[in-house]
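Across the two complexes that follow, chain A remains constant while its partner is chain B and subsequently chain C.
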Partner chain A sequence: MTAAADAVSPQGSAWERWRRRLGPWAPVLVLVLLSIAIGIANDRFFSFGNLSRIADAASIPLVLGLGITFIIIMGSIDLSIEGVLSFGAVVLSLLVLNGVNDNDFGLLGVVIVLAIGAGMGFVNGAIHVGLRIPSFMATLGMWFVGVGIGNAILGGIQVRVNDELIRALALERLFGFKYQVWVALLALAGAFVIERYTRFGRYIYAIGGGEDLADLSGIKVRRIRILAFTLAGAFYGLGGVMAVAQQGSAFALIGSDRLFTTVTAVVVGGTALMGGAGGVLNTLVGALIVVVLDNGMVLMGVSPYVQQIVLGVLIVVAVAMSVDRIRTRIVK
Partner chain B sequence: MSDIAIRIRESYLNRRRFLGASAAATGALALGRFARPAHAQDLPTVVNSIRSLSNPYHATWNAGGEAFAAWAGAEYVTLVTEGDSEKGVADIKAMIARTGGNMVLNVDPNDSADARPIVEACAEAGVYCVTQWNKPDDLHPWDHNPYYVSHISFSGVPAGKAMAEALFAKMGGSGGIVALGGILSNVPAIERKQGLDQALAENPNVELLDFQTANWDPNQALEITNTWLTRFGDDIKGIWAANDGMGLAALEALRAEGLAGKVPVCGIDGIQLAVEAVLAGEFSGTVAWDPFWQGSIGLSIGYHAKLGKFDPATEPPEHREFYGTGIIITADNAQEYYDNNILSSPQLDFEDIWGRVSGQIQYN
Partner chain C sequence: MRSTRELARQFMPLITLVVLVVAVGAFQPQFVNPATLLQIASDTATLFVLGAGVTLVIMLGGIDLSIQSVASLTSVIVALLLGQLGYLAFPVAVAIGAGVGLLSGLAHVRLKIPSFIASLAIGGCAAGAALLLSDARSITLGETERGYTAWITGRALGIPNEVVIGAIVLIAGTVVQRYTAFGRFSTAIGAGEPAAIASGIRVGLHKVTAFVLSGAAAGLAGVILAGRLASGSPTLANQLLLPAIAAVIVGGTAITGGVGSIWRTLVGALIITVVRTGMTFLNVDIFLQQAVFGAVLIIAVALTIDRSKIPIVK
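Let's look at the complex of A and B:
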């Protein structure tokens, strides 16, 4: 196929070769250029205080992004992020020391929430695979179920969380960075190991690259898919814990807008929505790009009206850069 | 709270099933009359129609309705739209049929457009009704004399202004502030911002360093506040937020920097956590809309009209379409409000129906 393209347009192919070589580094380049530009406009950008704040702000999008990266690599999508996160956050707030009941499960509460997240992810996967419902629809359902149950439990109130261990994630620091940043980095390390050094990690790429081939070569595609959704759910649960730590309280809408930010981060980082390419390190870069952009626009005093436009343009440009137009014959 | 919701819904569903079984409307009417306790036989049924019982705002509204019904000795019914306009209108019509028009309605229409069919159905059946928050601008109570008694709403302008003033006072009257707004196109967001702008115009020593919209979203409010701390640092002497949710998030951003209680924050809506933050000295204030008052006095106005205590047609326009009065909560009265309105149900004088009128509604 590449040979044919070469024959038709040799110039285009040279550009393509360049693009292919540079392609993986494009998000990093964007991040560096963006940072330099903002740094020139406002010298406080590179202050340690601000870099630490950027790390804080990126930690939740990163953790959520790690989960959904596995799904997107498979060529699927997971819209349940906000549902799982909200439900997890609501449950957590009622299990640990809080302003509404007498529970004080502490760390056990966190473990329970991670398990709930994984469970919701498992249901996503099982419905998607078992009933042959597109991941889009199955997870859309879980989104509404999660937020809906959260709403039904709390009835619109906001529950204050007083558990010092959880609040420490957002209030205490180690080497100048909040604990939640270190937790996010640990999650990143874990996801990286899963992606690079486990059979599961390799199979995900195989499924995203071509599910039929993967199936023919003996990969248990259905099982891997369910496992991927389960894993993603656990990451969203962790995101819920971190969100509660940050807000110091839980409410049913604590997940709002997280899906948009997360998918933007993953795509901007260079993980293709078509599947088969990208990875968790891309997601790290993508999360930083989105957060740096947000941070930079407020630092430079960009009007709120313009901010939304910039974010929208960024997504289209990022997707345009990440699409492999030679491999993709049909665009739906 | 959700127990109550389920119980009320169940009793209401049973009633509907019961109505469905007795085919003729007249039959249902007769049964309805028999079912009512003897002493309440001639009193109108008092009906609140609200969105849901699963949010604290409408749950408190409902508690107000119950308290009023107990005071009046009348039968009380709650109708819940669950966000469904058609259900809302249909349920009200069913209630009118069941009571034969011997009822009083206090409704928070699910959508502005719903107010018209509701009011028309009430006027036709001779039911005295009061609407709150939502109605089309060209529908007025005096179009349906005397049955459409009043429409009540709340203006965000005085609330936004009062909070800004409380904030400035806590800052010592000068310094820089940052402000978090709601959704750009939202009427309450626009009005509350207008109030802030008025207060700023009257206090030249206070400088608005930046205004950002966080779309009522605590997550966005937290991130924006974090970045402001980089951009303005110690220049931020106060944070104005258009609602409590965003204000509480800004407070958490301050807490992470050890600034909670040092940089005052204000909100609007009067939710429990915000009142607690006022008590803790971390919030300079919040404004409560008092849904208990809305749920009780809204009924009381229609009830007194129904009993002939006053004639709606001869009331002045500012009693027909008016802004209610938000309760301004600051350190001075927070404990009192907390004890009377959050830990227990407030005591209201249900005969004082015009006590919280603060001006006729203005249209742009």
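Let's look at the complex of A and C:
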């Protein structure tokens, strides 16, 4: 630790040392300690029924989190999750067997929704890169565009979904866990392969670590950025499908509050908003932390509204811990 | 060339506003009579007050995404306290708004968390607090409580009080920006933060101040909404974040900071209201209007942003 760094933040040294020692294992440690604490307070926590409930609850935040992880690794952000998810869910409900029209596209409907998600992500990326505006602004716009169009299509109504394949996601079980849990794990495996074993995966870390260097070393930064947003959009589309399965219906506000949970999961998992660090396995841990905390508070009878406050505090603490105070002087 | 661009930036919003008013007036002649225009002005007040606060933060190159939650929270607080405290409930609500802004500012400055995520998180806490206090219900103001809100809903000399409140905020905001150290330093920080740091400006202090003022303005907006709708609710202001930020940007304040002012936000807010009124005349679905504002926001950001300031766009 240099003298200059100490001068930047007086209490920095002890804090930095502590942070470094815990290092990348902090999220796992938090998850374990949290689980033990809740388990001691309430012995129902470790029952299989409850663990399966936690897996259910974690599956959508995980899938959404996987998508945004790619974006956050690049040092960008995607606020359009709720927009893409809502619009995807609304379109899905109108394509598969439903209570409003005669469509019955089944699996093709799901594929179309994934494509729509990817398309909206592509637009995010194209606007962000093409017009050179910050990603949070471009995706803030898409958030409201998505929810707005979803709302305009359905008005206030709720569309019941009768498609058996989709209902099965949230109703049928395999080895004790619902199908949606397995779908989420498949998505995790896919995201892991993309992150570790593709060029794209390596490039997004390079971009997050230092975009100017990545650019100079010949990485097609703009193309990779657009690709990352497109990929993220496809994950949100999948999240939309799973949300419809869980609710048994679609409505325009089906995405409400999901952005908050997802971002919390990703940053609590240890993926730094600065970019260049973290990954999809962090997001798995983060999603579990958020859901376990939620589950524990429910078991202990804490008001559901307090939970949102806890999530907010959690974001602040997690981001504060991951910020590299020596490297950053100016934060906007 | 540059000066032409500057001039365009300066007057484009105003020209847009006039053109829009004329265009809508051509379709709907009753639009351009004093009564309707006054109505538009009073409809704009809440949006303008929200936007005026966030302008101060955007001037510094930051953003405050907590304003809608803060406004909802203070509407709930007013609705809960009005019966017991009377007029005192209003300053209490505004102070709580400022307090939430203080938290966002401190999280941003002390913990070095990017402002959009700090304000999103603290805004989430405020939303949770609003749900908790109201038990997730809308609280209607009773007869006696409504007596206290006459200063919001009434009229003086034929002018709606909301317009007067908006005008006071405009004057106060302009004075703060032009004639206080905070205002001058804000522009300096937004124009070039490294230079501002190097010249000894207390950047952190001014950033926190901007968030406090933004929180207070959002708090006031919540108070006005509560008076206007005679109720407080944890979701009262939920659709206002995007239009408020759009108002700031459409008015010509750059998201990159350093360029902008409160009166521009007034012009921007009026544009938003006129566009919304126009769309309602044209029977555009109210939800689709949100989508339109999303698109308008992106276009306005793209037009006003100063790309020389951000070599790497993240």
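A few notes on this one:
Criterion: the second predicted complex is superposed on the first by the 305 of 332 C-alpha atoms of A that agree within 3 Å, B and C clash if a C-alpha of one lies under 4 Å from a C-alpha of the other, contacts with A are read in each partner's own complex, and residues count from 1 in each chain.
In the analysis below, contacts are C-beta pairs under 8 Å (C-beta built on N, C-alpha and C of every residue); 3 or more make two chains touch, one makes a residue touch a chain.
Just so it is clear, the model here is predicted, and its values are computed rather than measured.
Aligning the two structures on chain A places chain B and chain C in clashing positions.
Of the two partner chains, chain C is the only one touched by A:W143; chain B is not.
Contact with both chain B and chain C is seen for A:Y305 once the two complexes are overlaid on the shared chain.
Of the two partner chains, chain B and chain C are each touched by A:A152.
Residue contacts after overlaying the shared chain place A:N295 against chain B, while chain C stays out of touching range. Once chain A of one complex is fitted onto chain A of the other, the partner contacts of A:A320 are limited to chain C, with no touch recorded for chain B. In the superposition on chain A, A:L216 contacts neither chain B nor chain C.
Of the two partner chains placed by the overlay, only chain C lies in contact with A:L273; chain B stays clear of it.
After superposition on the shared chain, chain A has more residues touched by C, the comparison being chain B against chain C. In the overlay built on the shared chain, the residue A:I40 is in contact with neither chain B nor chain C. The single stretch of chain B with clashing C-alpha atoms against chain C, selected from 55-63, 181-189, 253-261 or 307-315, is 181-189. When both complexes are aligned on chain A by C-alpha atoms, chain A residues 151-152, 155, 305 touch chain B in the first and chain C in the second.
Contacts from chain B toward chain A in the complex involve residues 1-2, 5, 53-57, 59, 181, 184, 210, 212-213, 215, 217-220, 222-224, 226-231, 233, 245, 248-249, 252, 255-256, 271-273, 276.
Interface of chain A with chain C (complex): residues 74-77, 127-129, 131-138, 140-149, 151-152, 155, 211-212, 252, 260, 263, 267, 273, 275, 303, 305-313, 315-316, 319-320, 323, 325, 328-332. Of all the residues in chain C, the ones that touch chain A in their complex are 61-63, 107-108, 111-118, 120-125, 127-129, 131-132, 136, 193-194, 197, 242, 245, 255, 257, 285, 287-295, 297-298, 301-302, 305, 307, 310-314. Residues 42, 44-45, 47, 49-50, 53, 56-57, 99, 151-153, 155-158, 160, 170-171, 178, 243, 246-249, 251, 253-254, 256-258, 294-295, 298-299, 301, 304-305 of chain A are the ones touching chain B in the complex.
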